[in-house]
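This report concerns only the one structure given below.
Think of it as A, B, C and D in the order they're written, each chain with its own count starting at 1.
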Amino acid sequence: MVVRISISRNRRCSDEEDICHNRWHPDIKPAAEVEPGEEVVLETRDAFDGQITDAPSVDDVVRADLGVVHPLTGPIYVKGAEPGDVLAVHILDITPDEFGFTVNVPGFGFLRDVFRDPYKIRWRISGFYAESPDLPNVRVPGAPFMGTIGVAPSRELLTKWRSREDEVAKKGGYVLPPDPRGAVPRREPIASEGLRTIPPRENGGNLDIKDLAPGSILYLPVFVKGALFSAGDAHFAQGNGEVCGTAIEMRASLRVKFEVVKDGMRRLGVTRPVFKPSPLVERFRNYFCLGGFNFHNAEDATQAARDAVLNMVSVLEGVGLNRYQAYLLFSVVGDLKLSQVVDVPNYTVSSCLPLDVFTKPIQLPV
Amino acid sequence: MVVRISISRNRRCSDEEDICHNRWHPDIKPAAEVEPGEEVVLETRDAFDGQITDAPSVDDVVRADLGVVHPLTGPIYVKGAEPGDVLAVHILDITPDEFGFTVNVPGFGFLRDVFRDPYKIRWRISGFYAESPDLPNVRVPGAPFMGTIGVAPSRELLTKWRSREDEVAKKGGYVLPPDPRGAVPRREPIASEGLRTIPPRENGGNLDIKDLAPGSILYLPVFVKGALFSAGDAHFAQGNGEVCGTAIEMRASLRVKFEVVKDGMRRLGVTRPVFKPSPLVERFRNYFCLGGFNFHNAEDATQAARDAVLNMVSVLEGVGLNRYQAYLLFSVVGDLKLSQVVDVPNYTVSSCLPLDVFTKPIQLPV
Amino acid sequence: MVVRISISRNRRCSDEEDICHNRWHPDIKPAAEVEPGEEVVLETRDAFDGQITDAPSVDDVVRADLGVVHPLTGPIYVKGAEPGDVLAVHILDITPDEFGFTVNVPGFGFLRDVFRDPYKIRWRISGFYAESPDLPNVRVPGAPFMGTIGVAPSRELLTKWRSREDEVAKKGGYVLPPDPRGAVPRREPIASEGLRTIPPRENGGNLDIKDLAPGSILYLPVFVKGALFSAGDAHFAQGNGEVCGTAIEMRASLRVKFEVVKDGMRRLGVTRPVFKPSPLVERFRNYFCLGGFNFHNAEDATQAARDAVLNMVSVLEGVGLNRYQAYLLFSVVGDLKLSQVVDVPNYTVSSCLPLDVFTKPIQLPV
Amino acid sequence: MVVRISISRNRRCSDEEDICHNRWHPDIKPAAEVEPGEEVVLETRDAFDGQITDAPSVDDVVRADLGVVHPLTGPIYVKGAEPGDVLAVHILDITPDEFGFTVNVPGFGFLRDVFRDPYKIRWRISGFYAESPDLPNVRVPGAPFMGTIGVAPSRELLTKWRSREDEVAKKGGYVLPPDPRGAVPRREPIASEGLRTIPPRENGGNLDIKDLAPGSILYLPVFVKGALFSAGDAHFAQGNGEVCGTAIEMRASLRVKFEVVKDGMRRLGVTRPVFKPSPLVERFRNYFCLGGFNFHNAEDATQAARDAVLNMVSVLEGVGLNRYQAYLLFSVVGDLKLSQVVDVPNYTVSSCLPLDVFTKPIQLPV
């Protein structure tokens, strides 16, 4: 017996409040109840809830209502799970949709000050590979995973995280506070209190960790009775970094089963997401890399990463991609690695691009 | 015909100024001249120039003269290389020594505010693996590379980098300015002007990139006639991050050959280190990972990395390692990955430990 | 537009003659016509056409009508393909069913003289992994492929292959001649003339090559107009050797697209199956192997392979599997490698078992 | 303390009888005694004992005295090892020489009836890679291992194996009987009784298993007191099959240590070589393969392998290699896999060539 939560492709999350939500809140009603060990299939919406279309125009990107990000299927009430336990989420399978997209949303992304324009790459997913008319001679093998996957916060955590993020905002940080516009569920006080799903937190959420492909196990602390597990925002492929802010975004179907580790938070010391990576992820062998550095601020990994991406974009421009293609392609398949974080004052962040994705030879320096 | 530069194991860098230096400066005399395509074998000293011994005491760590870091073998004058060219360095082989060490030097390392004590793990290297009496039940497969590998800066760059680092220091950054104490060569003005080798720069240098194992190719911009290539500070194994500041440090023997790409800086856009990673590096399959976050500062990869390491150390303490063993082991085999740098305000840096290094089963959460 | 050929799960191949056949013959009518580049999804039956059930009893194995092996979905007429061309079959995706089985059919299999009893292992496939109540503590990751995949022979080849196999049979070889019993299509002369699908031939057919997982490309010579491509007999996982004669057999859904290489047989020299293996296949890292030898006959790879399997079965008995479990498990995940075929008179065939499939530690010699 | 057995490069095995032998016999005197756990470095000769030179002429191949094949360094007496025990041989490291060769010796090799001429490819080994003036645009990464590695037979086994091979010879098999010509040691009765090292046997010997690269562990049954371990015939690289009869042959230096598993033959069921493969071996990602079949004899893996190699040679001829280059290259890097040994009457042996070895693009069908 497999529990299946199906979505209607032509409806929006707000049309199916009983199985979909886009805020984190402990009072959202479960979409289903399952036993540990039982398999569950969750059909999931894409991160933009269907707003991005297969048309070449970027009008949809410009007009996208970001208040609806990320529609999540669930929550699932796992019987026997109680605060203090750990929920082991076995990622059994992720079936991709046939359409995917990568977009640059102005004002969002790692290099949003540099890449200010809307941009869109539409992907045709044929099982193992994705290809795009907007990025010729590139073929990306998939290693799908759920960008957003997590459990409900407790009421205490809701308050605590809210305060923590207010503090960050006060320091000038880029924080999206709770906002009832676009919120699902729409009823109050959830719509006004519910935390936005953009940042990852101790409950998981928008982890965007590419290692969570099929075969992986994600361990999450349980903060409320039943754990209240939800997932959405599937990615067909993503590099470490997801630099432009999106991966190959798609609808998908997630198959999972749960185990409950009693008192796991204390016994195992799991107070945040812990995981066993998927054996599926390492697909590439032929990389081109360059070292990025933070020459102008001491011990700043963010700047070193920025340098690594900017230089990679320049290299890709040299082989015929436009700057946005380069940036988005790196977001989808490129990896950022913290090569060293000790050689003061400069850190080394390497940006690595798998040349295997090019179906026609390109003339890179290496 | 292979050119070979041999060192005397019982002498120090300062005893062999004709083949060893520990500062970057354009006026250091070549140790040898080679043709492109010619093979060169460089015997190299460890990063501390032999100061760290195989004795269990950490007195040597405490008393270490850091002014002599890093003794480099070279420079090699590559015929035909001129400013504006690119030097392709083919890493043909690296033969490890039998002794290696990993140390925590107080005041140095990614978490130097937390790990304040001297600590030492001595390694016995038996070809493919390293093992240590100071870290029982652990066996580390090697993928050796040169921590420090680079070419000489021009006089202009020397000045420019000096200014740049002064700026960083003025902002409170951790910068080691030129210092004649311990400098090799000892003659002035090189000793006082020569740049310290601690940070990596556009000329390569202390890159600490683990992908530069045998089979890799490193492309470096050429800033002076002959390129003046040097290398040292070999690592038998290192994780992405090298968090405690040292890897498995050792003497070694590097075999390289060079190609000169004329006008490569302009033609290829190579103005900093670019590389083709070694196919040797990916050895592990069975990882345990956890997500690190920057909850208290927006968009701060450094803090997220810090969180990832601190939490991994806690996990390892839970399985019987002491905190220093945990920190040093992670430095040697653990990887930091920038999983995402876009989900504002929180970044996700994953810390991943290969469980394959444990020769006796340990009881990790995953 | 994706062409889809759907099967009825509760019907047999003989109930759907328009889309299913189990003999090779040039006169079988196409189930569909497609253009090169067009995607096609073929739902496929298992090798035994549904005769093997999820019940524990082996009665179904004993009573199985082997005349219906292997039901193939198709043929697909590829427009523009003509004799002398090469058909490039891009394996885009294979979606597994939830039920799989591995059986030992008396009188069949590499060691049929030793393993004479019927045996069955039923698998539950949950996306990435298969598990079985009949083989506890084992979990097999999938790398699905079509066991049988090929194109129609020409009339000339039908005759030629028939003669060739008659010759082999005359020498005492194990050959299954054409047999109208169970044949689909049932109409004559196809039923009586059609070649059995058991052996692979120049047209592909029952290749049982595990490398043909998603992402692979199979190149087949074209012998008739339209190529007449068919596939079936999907395997969720199989070792090199498939020693017991079955893999993890299942229904599945294959997504493919075709390219036609004009005059490819002559131009490329492709007169038999050629392939680019899937990057998906290498999943395992932790193997146990032993060397098998042909001590009693010179230069006999078959005997060396036999020795390698028999010894592996003994080793697995030593860790608690019964002999049939051991033999079937090796068929599903174990690899036979021709380590050397030159050291006269003894060849070395290594049998290698991935220990990664055991979910509880076992006590192997290594 | 490392025990080291050094050879004189300009002398022959027969000049150093105290540390070298080329026959298997229980009465050969140990070259050294070691404790379990102690590291031993064995310098080893190439398989032809230096007869093959770096000169382009094949005269040395034609005139080679095959009676001296394979000079082995040893034997090593391992303290505490007794008949019935198992000797675990930890392959710690193998340091290649700078010169290697691959030859076709008339009358030897898998396809000796087809490839009847002497041929030689000389390799220049630069650490990680080998390249050859005799095979332009090819670069082979190394994964060195000892082709011949084993322990002494008991007197009973000597007699038994002798009889067994006589039986095979009587059936017309290609067997090399004991032969005092070229034998080391030269003293009788060892020279006349000692078994030739060409075939592998239960004691290991000429296993030619490429998985025995550094990091592997080889388990051998112990037949005499002290085990009497020997090794030689190092290969820098070899494919599964070693079809032309030689790999990249070289002098080398092997570092090993031993463990003795008391009563291991009975307790573990190890009565022949068992091994844990090296994690070093899988280097390649980009393969081209074709299926080989035994169309003319039922269930004959040898013929299917032959078909697979012959067809691969034809394909390689199509891209500009001559037939001998193709055959020798496949011997060095190509793999033979027993894809299936059940689909009667035809087996499928796939021959797979890693395209990664070509440094200039070639135009293969795939």
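As a convention for this text, contacts are C-beta pairs under 8 Å (C-beta built on N, C-alpha and C of every residue); 3 or more make two chains touch, one makes a residue touch a chain.
To keep track of the chains, here are their UniProt names: A, B, C, D = Acetamidase/formamidase.
What you see is a predicted model; the values in this text were computed from it and never measured.
Participant: Between B-C and A-C, which chain pair is linked by the larger number of C-beta contacts?
Facilitator: Ranking B-C and A-C by C-beta contacts puts A-C first.
Participant: Which chain lies the greatest distance away from subunit B (Acetamidase/formamidase) when centres are computed from Cα atoms alone?
Facilitator: Max centre-to-centre separation from subunit B (Acetamidase/formamidase) belongs to C.
Participant: Can you work out the whole-Å distance between the CA centroids of subunit C (Acetamidase/formamidase) and subunit D (Acetamidase/formamidase)?
Facilitator: Taking the average C-alpha coordinate of subunit C (Acetamidase/formamidase) and of subunit D (Acetamidase/formamidase), the gap between them is 32 Å.
Participant: Counting in whole Å, what is the centre-to-centre distance of subunit B (Acetamidase/formamidase) and subunit C (Acetamidase/formamidase), each centre being its mean C-alpha position?
Facilitator: Centre separation, subunit B (Acetamidase/formamidase) to subunit C (Acetamidase/formamidase): 50 Å.
Participant: Counting in whole Å, what is the centre-to-centre distance of subunit A (Acetamidase/formamidase) and subunit C (Acetamidase/formamidase), each centre being its mean C-alpha position?
Facilitator: Once rounded, the distance between the two centres reads 38 Å.
Participant: Mind pulling the subunit C (Acetamidase/formamidase) residues that touch 2 or more other chains?
Facilitator: 279, 285 - these are the residues of subunit C (Acetamidase/formamidase) that touch more than one other chain.
Participant: Touching residues of subunit B (Acetamidase/formamidase) toward subunit D (Acetamidase/formamidase) in the complex: what are they?
Facilitator: 2, 39, 91-95, 98, 126-129, 141, 214-215, 255, 257, 279-280, 283
Participant: List the residues on subunit A (Acetamidase/formamidase) that touch subunit B (Acetamidase/formamidase) in their complex, please.
Facilitator: Contact set of subunit A (Acetamidase/formamidase) toward subunit B (Acetamidase/formamidase): 86, 108-110, 164-165, 167-169, 171-176, 198-201, 206-211, 217, 219, 240-245, 264, 268-270, 272-277, 279, 282, 285, 287-291, 293, 295-302, 305, 311, 314-315, 318, 335-350, 352, 365-366.
Participant: Per the contact definition, I'd like the list of subunit B (Acetamidase/formamidase) residues that touch subunit C (Acetamidase/formamidase) in the complex.
Facilitator: 285-286, 361
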